[in-house]
Amino acid sequence: MTRYTAARTSIRTASIMVIFTLMFTSMMSLTYRATRPAIEASQFAERMRLMNEILPAGAYNNPLLDDYVELGPTPELGLDRGGRIYRARRDGEPVALIIEVVAPDGYAGRIQLAVAIDPTGRVSGVRATNHAETPGLGDYIDPRKDKERARPWINQFTGVSFQEVGEESWRVRRDGGVFDYRIGATISARAVTMATGRAARFALTHHVALFDAKAGSRLGEVTE
Amino acid sequence: MSARLFSFHGGVKPEHHKNESAGSPIRPAPLPTRLIVPLRHNTRAVAVCRVEPGQTVLKGERIGDAEGVLGTAVHAPASGTVVEIREHPMAHPSGLATTCVVIEPDGEERWVPHQPYDHLASDRQSTLNYLRDSGIVGMGGAAFPSHVKLGAGSGIETLVLNGAECEPWITCDDRLMRERAVTIIDGAIILFELIGARRILVGIEDNKPEAIAAMRAAAADCKAPIEVVAVPTRYPAGGEKQLIRVLTGIEIPHGKLGGEYGVQCFNVGTAHAVHRAIRHGEPLLSRVVTLTGNAAQPGNYEVLIGTPIADLLPLMQPKPGTDRYLLGGPMMGFALPDLSVPIVKGSNCIIAASQALFPEPEPELACIRCGECARACPADLQPFELYWYSRSRNFGKAQEYHLFDCIECGCCAFVCPSHIPLVDYYRFAKTEIWARERENTAASQARDRFEFRNYRIEREKAEKAARLAAKAAETKAKLAKTGEPVAIEKGGDDKPAVSSDDPKKALIAAALARAKQQKAEVEARNTTDLPPETAAEIAEIDARRKSLDLSSKATSTASSTPNQASPPSVESKLPQANDAADSTGTAVHVNEERK
Amino acid sequence: MNMRSFRENAYNGLWKQNPGLVQLLGLCPILAISTNMVNAVSLGLATILVMAVANLAIASLRNFIPYEIRIPVFILVIASLVTIVDLSFNAWLHELYLVLGIFIPLIVTNCIVLARVEAYAAKNDPISSTIDGVMMGLGLVWVLAVLGGVRELIGGGTLFSGIDMIFPSLSPIQVFGDGYHDFLIAILPPGAFFALGCLIALFNWINMRAAARAARRPKPVTAVSDAEAASAG
Amino acid sequence: MMTALLIMAGIAVVLGAALGYASIRFKVEGDPLVEKIDAILPQTQCGQCGYPGCKPYAQAIANGEADINQCPPGGEEGIRHLADLLGREFKPLSEEHGVEKPKSVALIDEQTCIGCTLCIQACPVDAIVGAAKQMHTVVEPLCTGCELCIAPCPVDCITMEPVQETVETWKWKYPVIKIKEEA
Amino acid sequence: MIHSPYIRKPASVSSVMLTVLLALIPGIAMYVWQVGAGILVNLLIATIVAVAAEALVLKLRGRPVLLGIGDLSAVVTAWLIVLCFPPIVPWWITVIAVLVAIIAVKHLYGGLGQNPFNPAMVAYCAMIVAYPSLMSQWPPAGGLDFQTQLGLILGGMRDIDAVTAATALDAMRTGLRTGAGTIDAVMTQPTFGTLGGRGYEWIALGYLVGGLILLFRRTITWHMPVAFIVGLASTACLFWLFNPAQFASPLFHLASGGAMLAAFFIVTDPVSGATTPRGKLIFAAGIGILAYLIRAFGAFPEGIAFAVLLMNMCVPLIDMKTQPPVFGQRSRKLP
């Protein structure tokens, strides 16, 4: 075998590297193209399943996932970079707002929640969409992980009205409120409870503006 | 009396047990039937024997000459006959033998002619040589030659006289100071004059008030600036470096002698021996030994060097229950492996040990790193770390933690709540490291010599090749004249050892070859190939002719080695490596005078 | 490809050179996802797929890859394959993807894939490389299954939790009943280290006993019979 | 899509070229491993390993030609050190290469020696001095105990004497941990 | 062959450990007086389990069993574990904790003297992480009779929430986090006494007395307790001066939680702690500072255990870097 100089070796390795890169990158992009429709369909189905968990399927009849408004950064809901609010209507009448809210003070960081609230401030359902709470300890906020399968903890918010409970009592029992928590994992419960309360108050104060906004529009500053 | 005292870190206060023997005055021990005088003083220094079996010697006659830097002379402790010169166990924990001169005393105590030595009239070096030839070594235990100490350093400010005697049970220095304070002070003044110090400090532990009083009385009578200082009783205050620290505040690092720091320390016993040597011309023939322990008659005896210890035991009448005898104090001494070993210049005490006085240690438990040992260590070491690394044979780490600063005083093991024989681990690690150093030195020496030999063989081959090439060139030149150039050129190329393309090299090779050839004309050409194949044959057939044949080869080998072109660095490396080994060894072995 | 080398591959992957217990490669995913058995096994299966395909691809292409750039090329191949697996799962096995979604990209960072590619596939023929990939993957799977099972059992008192997300007809087993106090530390990261440490200790103990027994027995045990014993157990 | 491909290709060119360049320019010459192995070997130069000296054996180990258990003078400890250095498993000394013996030095019986110089040529470290027809002597501190001088001697006047322990070479023993069961 | 020194000081590990146990008694007495005798039940359980586990492991490891138990170190570990735990913790938590400490933390690392971590603290951390709810149930001082405590420990009673209260540290933390107001407002809750937790401040005093006994007997040196207290108090003081409404006073921090127990009995563990004098100061001060930071900003109300473990990890480095200069190597050669 002949001895290569540095320059010749560089050219050789670089060209082989390029061939491999092009080959495998093309394979990746082809796969990406081939799978995109199926992935989007799956994601859509997944979102709808979540929506239907917190809002009964028959309660609305508008295309829920298309009827949303974009929110700008809203510290009140813990949304640093904005989020979406979906609007459920039945025959054009407002039924509920589905608000993405973030509880920043979870035991293991941020907890993302989807909260469905009707215009009177009554909670229709809450789900944790993303969290990293300690497995076996704080992850009971996800009903699939909750050991009390018959009566998941997070379902206690269903049907509770923010107006009736009052802001002072919208806390876990340990802090003097009305909501249960699990022993040893107060922080997770406290975070979810407080975030749900904030979402309810937000829905209560802003529901007119939110329902009136054009679908897909972006609300910069939500005002009264 | 107003001297400010300093303190050293650590130390312990064991029960001192001095009263057993301190009350009895020094008595001469009876002359033994045989004196066994070792020619070795310590692990490093051996004297050269200058007597023969059957020779008659006088008391004080020199029987061994000083050799080496650390050597001192050895003398006959009594007049009599040299019976034999043989290997005999020595006073060493190993119980190994060393060369000893065995003398049968005739009991007449005839002295060799001797007269006082005027050190003031002689120059310094000859006085030091005189002391060396009088066999003066440190009497504290390590037997370090006094002339070496006296010769080291200049501008010494303070002469420290060590009368601290901190080990429990030992009282020989105490008695010596009580009874011979004047001679000690006189010896100290001689030393003082020899090193040109500005003051003398005598350090005595405050549990020896009689000795302090006697020394003060003696000091008061002379003009030299002597101060007798009572130092707090705390083991190891009698360690040379600890005492210097206490008296002057100076700390002498490991491997250094006091001379570099303006202070020098001698044992009171040494001062006494110096007095005998200078004022009376008597070499060091005897020393005071404390016999104590589990004994009915503990006391102090003036014992001739070379007296077997077994001969001394009846003097103290050991009580029943005595199961072994310790040489030295209980903190640093060792159990005698053999009772026939002789008293040497460093032997200060023999303790009859019983289970009641020196019980078996409790079983060793795990180290809990409580740090007691570090608190007790007078060398400011971290004994538990040293233990950890010595135990796991991680010697590099142990040295990083200053293993060789350990003076083996035993304080750490004394206080250890887990009853770990810490000092044993350090001794093990130290000797192991020395052994490895020796092995490494030997290995690198062997490697160098092996490489040099290979180089030499290569060179010889090359020279042979060059010779052949030169011959070929000659032939070529001859042939060139006759006009056959092509074939010869090929022949030249066939010898790769001489690159004929470089004219200079060829010239050198030719020159070398010429020189070689002249020499080689008398040589048998085929010797290199000869030996392996035909050796046996030749040996059987014609020893005479064979040896003739080979003799020329051997001489050529021998002569080629030193004379010819210097090889790359190997020759120059060899002596250096040896020197380095010697100096590290020396540094490592320097012990401290202690009692 | 003969039976003998197949057995050797199997023995190496499942026991002797087990990636989880001996090579200790890919500790990050092993420790992170072994909180329960279902997650652990699922990721293990995805790893098998990636390892088999990656080994096959590299072994086929090995003669075209210069020594100097082998590592970037290997990583490129592995990363592409993992992306393809990830996308395919998302598109066509969406249920499984929901469980494994976040773990599949982790396979790229799993050193075991790169290690086998470098140590085996780059030097051997495609078929035995594929088998090596599968066997190493299976070795990882059983370790993951044991680890996940133990942690889940001690930490939560259940087994197969989350299986209903893959097979809706099945449900987790409550082993210790309701009164069990979850020993949370087993599920938390420290538990992963403890459990793996104990498993490795057990593994070494078994090996030492086997070695001791082999030493006592006059006839030495061959590697093949050991492999059988291992795969049977 | 094209952008992605181009970016990847760009990265590939740069990295490929850099690696190729580095592989030529930063090549490490020489083998420090041989030196490390050689430092562990006892330097007896006895050749029991099957190589003509310790350095060649070190070279052979580094090249993977020789096993680590072929050096009897190094003994078990030496094998352990080699195993540590090379990350291999310890294995007992290979019997075909000899057995571990206590360190010895050669001793020439001065009465028998005929001065043939054969041993002088055999000694790998030039530790034997003497000339033809003169009695030869082993320079004891230099002798590595390799035994290579024994075979060539025509009159069998060389014997190996174990090195005696002296006060200088004496070592303290490792403290034996005494565990006494009480009660 | 036995070598010098041939004489030894009459000291032993078991006498050291015995002194530690005796010094714990004032604290335990205060515990019984203020909170109830339930703690004694757990102490008994822990002692038995510790000795049994120690004996078992020593037997398995082929070590002399009696010698190992005789050093009493297992008992000290057991007592410290129980004294860190809530006194009404179920018996099986005590058992698991002791087993973790003796088997996993001590013997898996090689037994007494070889464990890099404080066994009692590892056991505490393992349990608070594993059973956070049960480990945060503290009985209010004088609130529970012995019968109830026994029921809780032996597992008869389930409704634990009803009878327990938060510790002072926990209440302080929750109070401040939920915005109940300032320190002063929180301190009016019945959990609090004059300085720390009601009743529990007396126990801290008991430990202080025991600690002084240890100091007096020279079982421990002054370095660690002083450095720990100074570290904790000065950090607390810094924050307190910065904002007295939101950060509790140094005295509160010293008197509540396990501060006093830690100062004299836990950070002073010789095996897992630093050994050089300067190292001891750094080690213990580090624990004090970390403990405060974890208390104030961490996820758990009490941070000493975590702080101890974190500093345990630094011990080899600390000991290496704080070696005192050896004799003759001091910078000043002349006084």
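Residue numbering begins at 1 within each chain, and the chains themselves are lettered A, B, C, D and E in the order written.
What we mean here is this: a contact is a pair of C-beta atoms (placed from the backbone, for glycine too) under 8 Å apart; a residue touches a chain by one contact, two chains touch by 3 or more.
If you're wondering where the values come from, they're calculated on a predicted model, not measured in any experiment.
Asks: How many steps does it take, at the fewest, to get from chain B to chain E if each step moves to a chain that touches the one before?
Replies: The distance in steps between these two chains is 1.
Asks: Farthest from chain B in C-alpha centre terms, which chain would that be?
Replies: The most distant chain relative to chain B turns out to be A.
Asks: Between chain D and chain E, what distance separates the C-alpha centroids? Give it in angstrom.
Replies: Result: the chain centres lie 54 Å from each other.
Asks: If you average the Cα atoms of chain C and of chain E to get two centres, how far apart are those centres in Å?
Replies: 41
Asks: So how far apart, in whole Å, are chain B and chain D when each is placed at the average of its C-alpha atoms?
Replies: Taking the mean C-alpha position of each chain, the two centres sit 31 Å apart.
Asks: State, to the nearest whole Å, the distance from the C-alpha centre of chain C to the C-alpha centre of chain D.
Replies: Between these chains, centre-to-centre, one finds 42 Å.
Asks: Quick check: what residues of chain B touch more than one other chain, meaning two or more?
Replies: Residue numbers touching two or more other chains: 93, 363, 421, 424, 427.
Asks: Give the residues of chain E that touch two or more other chains, as numbers and ranges in rising order.
Replies: If we look for residues of chain E contacting two or more partner chains, we find 1, 64, 67, 131-132, 134.
Asks: Any chance you could list the residues of chain C touching two or more other chains?
Replies: 66, 68-69, 72, 182, 184, 188
Asks: Enumerate the contact residues on chain A facing chain C in the complex.
Replies: 9, 12-13, 16-17, 20-21, 24-25, 27-28, 31-32, 34-36, 38-39, 42, 45-46, 134-137, 144
Asks: Can you list the chain B residues touching chain D in their complex?
Replies: Of all residues in chain B, those touching chain D are 40, 43-44, 90, 92-94, 96, 98, 363-364, 421, 424-425, 427-428, 430-432, 434-435, 438-439, 442-447, 449-454, 531-532, 535-536, 539-540, 543, 546-548, 550-555, 557-558, 561.
Asks: Within the complex, which stretch of chain C touches chain A?
Replies: Touch residues, chain C against chain A: 35-36, 64-66, 68-69, 72-73, 76-77, 80, 83-84, 87-88, 90-92, 94, 97-98, 155-156, 165, 182, 184, 187-188.
Asks: Report the residues of chain D in contact with chain A in the complex, numbered from low to high.
Replies: Touching chain A: residues 1, 4-5, 8-9, 11-21, 23-25 of chain D.
Asks: Which positions of chain D touch chain C when the two form their complex?
Replies: 12, 15-16, 19-20, 22-23
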